[in-house]
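Two complexes are shown next, each including chain A; its partner changes from chain B in the first to chain C in the second.
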Partner chain A sequence: MGILGFYLRKLYTVFKGEVLVLPSRVIVLLFFLVLIFLPVVTQDPYLLRILILTSIFAILAASWDLLSGFTGQMNFGHALFFGVGAYTAALLNLHAHIPPWGSVPLGGLAAVLAGLIIGIPCLRLKGTYLALTTLAFPIILMGIVFAIPDVTGGELGVSGLARLSGSRLTDYYITVALMLGLSTIMWKITTSHTGIIFHAIREDEVAVRTAGINTTRYKLLAFSLSGFFAGISGGLYAHFMRIAGPANLEVSMSFTVVIWAIFGGVATIYGPIGAVFILFPLLEFLHFWPEYRMLMFALIILLTLLYMPNGLLPWVRNKIEKECPRCKIRNVATRSACRVCTAALD
Partner chain B sequence: MKRSRFVLSVLVMAGLVLTVGFPAWAADVIKVGVIGPMHFMQGKGHWDGATLAAEEINAKGGLQVGKKKMKLELVKADSNEFLSITDATSAMERLMTKDKVHFVVGGFRTEAVFAMQDIAMDYKKIFLGCGAAHPELCTRVGKDYERYKYWFRVTPMNSIYLVRVCLVNLATVNGMLKKELGIEKAKVAIVAEKAVWIDPMIKAIEENVPKMGMELVGVWRPSATATDVTAELTAVQRADAQIIFTIFSASVGITFARQAGELEIPAAFTGINVEAQKDGFWAATQGKGDYAVSMSTFVRGVSYNEFTEPFIEKYISRFGELPTYTAVTYDAIKSTLGEAIEETGTLDAEKLIPVIAKAERIGVAAAKSKFDKNHDLVFGPGFATGMTLQWQEGKMRAWWPNGWEGVTYKGMVPYKIPPWMIKKYKK
Partner chain C sequence: MILDIILSGLINGSVYALLAIGFSLIFGVARIVNIAHTAFYMLAAYCIYYGTHKLGLNPALSMLAAIIPVILIGLISYKLFIDPIREHEAAVLIATIALAMAMQEIMLLIFTGDFLGVPHLVKGYRMVFGVKIAYQQLLTFAAALLVLALVWALLFKTRVGLAIRSTAQDREVANLMGMNDSRVAMITMGVSVGLAAFTGAVIAPLAIVNPFMWMHPLIMMMAVVVLGGMGSIKGSFVGAYILGFAEALVVFLIPMGAFLKGSVALSIMIVVLLIRPEGLFGVAFEEER
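Coming up: the complex of A and B.
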């Protein structure tokens, strides 16, 4: 009892000292709690559907950020990973009768392979050239899909897949848990040693190479990791929608991911996730004004990016928190002195 | 002051209780979801056809459901299915859970309809398809009847029948060229826009042309939005093609017809040209669109039965344009659903399905319509056939089925061979 009390007190101290001191961490905690306990308040199937799809797309947007935001490898064809994951999961489920818990990770692995296949030829390219080349890959895959309709279902896609689970509520918890888990993993990757190298590659690849780091290996790693997470989201999408079709590979899908990530704030992981959780339900909400739906959506994005060029979430974070000029620790914006080194905050 | 605030509070509370607490008010209406790409002509057709049907039913006091009359309330759902399958499924889910519709009509893009169909089946709601032609949508009913029995295809005929009609049209034109111009073995050119859905059709036509005693001289695939097809037309002319089989769904159909008219290409047309199904085609081709051909559902002045012409006239006067096949939501609501509801006196899908599945209905888009065991629209003489139109002297006319299998509809005319072709080949 005494040991339990000790650990509980320790947990509380850590919680108080590490989480409650920063508004951004409190917001993240609330985000986790709201998603976990929402079904206690409502189990409306439409709302759960929107949140399931939002969670799936949040994984996709964060995976784009992992590659393009952190390493600067501008990928305009992210739908390729999503589509490969979706088609692989669908075909394995339909023909090999592998249930979703097996087909979804295998879809992720197939997307890793796709990441390596496109990563290798793309290593020589940078900037606009890389962006345009990656844009071509989902289009090429779509050509393959239409070329072998007996396998891929052609324009109809692969339908009649097994459901993720037996109920909407379980689907919700599966996708939300995966989204929270995978996002945390992606965030941990970016704060790790590997993540620092990703950052450095984006800033100055030559300097990183000069330091004796094999940037080729790290760029391929970024392609593979990003492909894996995007493939998982594709597999989840296919099983939730019960269809994998050419729409998964459309150019609009690739660009939507980029819009989400830039709106939320690139090179943050949390930015694209937050953006999806704002924009995807917002677009659904705007159905009440169908004539102005896309116009209002575009206006919101334009105005946000005009006044918050680094993205919405970093802007909000900078409004509610300040970084200490001396020790770089973040503090709540209302503080006048750093909570760690007591240096004066501007 | 206090008193007025009290009265206001009571009124607000009463309002809330009456609107929230008594949803039974809504129980006297039949809610029909109309789902389609509402910002495109296909979705507009869905909505306009459904609107006419609902207005006509409601003008008579509604449908007789058992002992009470129930009015129809349409719920518009923009599926945005050309751009996003996700949007389409969310719209369907909204119809099911938020709007709580009793029935759904519409759908267009097959990939989206597959996903929407599954949602409607999950909620065991009758979904009357009015746009997607792929056979698999109905094959599902045969494979798993208990799950997919709520699906019926009201329009169009499935794509197998569409290809069959194309080939029948081709054979008819071939016979005419043989009879009128003495061409024994006609040379056929296929000119089809670059679109994936067309590929299987081309394959089927390529396979069948030699079997039908004709010679295929080539396949040309201009862009769907090409503004100049003179290169293709010149090549077709050099190949000595006597029949041009067109498959166009986009604006290239206008370019092709206009330039073929300008160049007076000596060949007869058959096939599909969606732009030619519209009233504005003649003006769009600058008066050069004569002899262009397309399969269609409605042609002004041509009737499958006594209900077709009044429907077309009413539709044109109300919406200012000729109805397209997605406007057959009119039949879906008025005859398929409406008559079944009145016959059974219930909105219960389980009781309605056997009645809908077995009945023969007289709507506006076919002489009679009924469903096969897979709930697919039956094709053939006496049932759905569609019609094939040709532009003649600036007017849209229907020339098929003019005697095919004994079927002729009121207002049909014979096919016309372009005069420059007659001039070239008449011996």
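Coming up: the complex of A and C.
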């Protein structure tokens, strides 16, 4: 009993000292808790549906950030990974009768393959060239999809898939748990050794290569990782909507991902997720004025960018927290001295 | 058949060349990847529709009149939304995407999503070897060539052109040599949007005017720019005709070709890039400092 009490007290101290001191960490904690305990309060199927789709797209936006935000390899064709994941999961489910728990990860693996196939030629390109070239791949795939309607269903897509699970509530918990889990994994990747190399590749690729690091291998790794997560989100989407169609490959799909990620703030992982959780329900909310919906959406983005060109979430974070000039540890904005080294904060 | 391919290849090629040159001009000078570029092209087509159908203007007159409001809209939106955030490349990128979406939605609101048509400037056609060639097609092609020549003259024969080219080459040094960076960017934006508007104006009688007409040219234009080499006028010109003809060949020769036209053109671009990563006539840009 004594030892248990000791650990509990220690846990509480760590919790108080590490989580409660920073508003951003409290917000993340609240975000997790709200998502997990929401069904206790309400089980409105429409609300759950929106949150399921939001979670699926949050994975997609975060995976774009992992590739393009961190390594700076602008990918304008992220719909490719999403579409490959969706179509693979759909075809495997329909023809090979693999249940969702098998077809979704296999869709992710197919997207990894797609990532390698487009990654290898694209690694010779840089910056805008890369961005414009990657834009081409989902369109090429869409042409193929239309050209072989026997396999892919052409314009109508592949429909009649197995449900993700029996009920809306289980669907909700599967997608939300996956979203939280995968986002944590992505965030862990970006703070790891590999993540630092990704950062460095964006800042100065030549310098990284000079340091004896095979940047090509790391860029391919970024392509595959990002493809895997995007493919999983594509598979989830296909199974939740029970259809994989050419709409998943459209240019507007790729653009939407870019909008979410940059709006939320690149190279943060939490930024794109937050942006999807703000923008996607907002778009649903604007449903009350169907004809003005996309216009309002575009205007909100334009106006937000004028004031927060680095993205919404980093801007908010810098408002509520400041960095200690001496030890670089973050503090609540209301403090006048650093919580660790007691240096005066400006 | 062969004549069909040649005609449609020439027209597509000229349209892509005009769009791609405008796009690569503003990219070269201001480093803006202007996704909204073809949205201006759509805007011009709608202006003509409005001029001929709602105001009852003469088609030729409304074509010329369409270009000016579009340039003004382009410059105003540049000043309002792009210029303040020019330092943040990523933000500029989605600002232009959002701009294009906003224009598409506004057109949807005003004109609804209906497919509209604009009357031909010159009526009549001539049969050549059993292929119907409308005079409008020839006119479009001739006008496109004329404007391409004018752009070339502007860039290589005038002082403004010199300023644009030197800013594209090295912004800092051009600034040191007394060229007002932001003014050159503004002029280039005007020229670039003007080119897009002109393209929209000449193609409107041959195309179906609808709010989503900017998507396909956008993709092809980007492919042309990458294929020809970013910032190279000659590259854009050659690349545009290569892709224009590729598209025409696929449409006429392969069954189900209409679905594959984008795929084949883009595959050509990727194959060329694999062999020459800087594009056909690419001028390797200096790394940004």
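Here is the rule we use: the second predicted complex is superposed on the first by the 346 of 346 C-alpha atoms of A that agree within 3 Å, B and C clash if a C-alpha of one lies under 4 Å from a C-alpha of the other, contacts with A are read in each partner's own complex, and residues count from 1 in each chain.
Definition applied: a contact is a pair of C-beta atoms (placed from the backbone, for glycine too) under 8 Å apart; a residue touches a chain by one contact, two chains touch by 3 or more.
The structure displayed is predicted, hence computed values, not measured ones.
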Fit or clash - chain C, chain B, common chain A: clash
Which of chain B and chain C A:146 touches, first, second, both or neither: both
Touched partner set for A:53, first chain B, second chain C, both or neither: first
Touched partner set for A:157, first chain B, second chain C, both or neither: first
In the superposition, chain B vs chain C on chain A residues touched: C
First (chain B), second (chain C), both or neither touched by A:287: first
Touched partner set for A:45, first chain B, second chain C, both or neither: first
First (chain B), second (chain C), both or neither touched by A:323: neither
Partner chain(s) touched by A:243 [first = chain B, second = chain C, both, neither]: first
Steric overlap of chain B with chain C in the superposed model, located at which of 55-63, 181-189, 235-243 or 271-279: 235-243
Common interface positions of chain A, toward chain B and toward chain C: 146, 252
Contact set on chain B toward chain A in their complex: 38-39, 76, 78, 83-86, 89-91, 93-94, 96-98, 110-112, 114-115, 118, 134, 136, 140, 196-197, 199
Touch list for chain A against partner chain C, complex: 121, 124-125, 128-129, 131-133, 135-137, 139-144, 146-147, 251-252, 255, 258-259, 262-263, 266, 291-292, 294-295, 297-299, 301-302, 305-306, 309-310
Touching residues on chain A, where the partner in the complex is chain B: 44-46, 49-50, 53, 146, 154-157, 159-160, 241-243, 245-247, 252, 284, 287, 290
Contact footprint of chain A on chain C as seen in their complex: 27, 33, 35, 81, 84-85, 87-88, 90-91, 93-95, 97-99, 101-102, 104-106, 108-109, 215, 218-219, 222-223, 225-226, 230, 256, 259-264, 266-267, 269-270, 273-274, 277-279
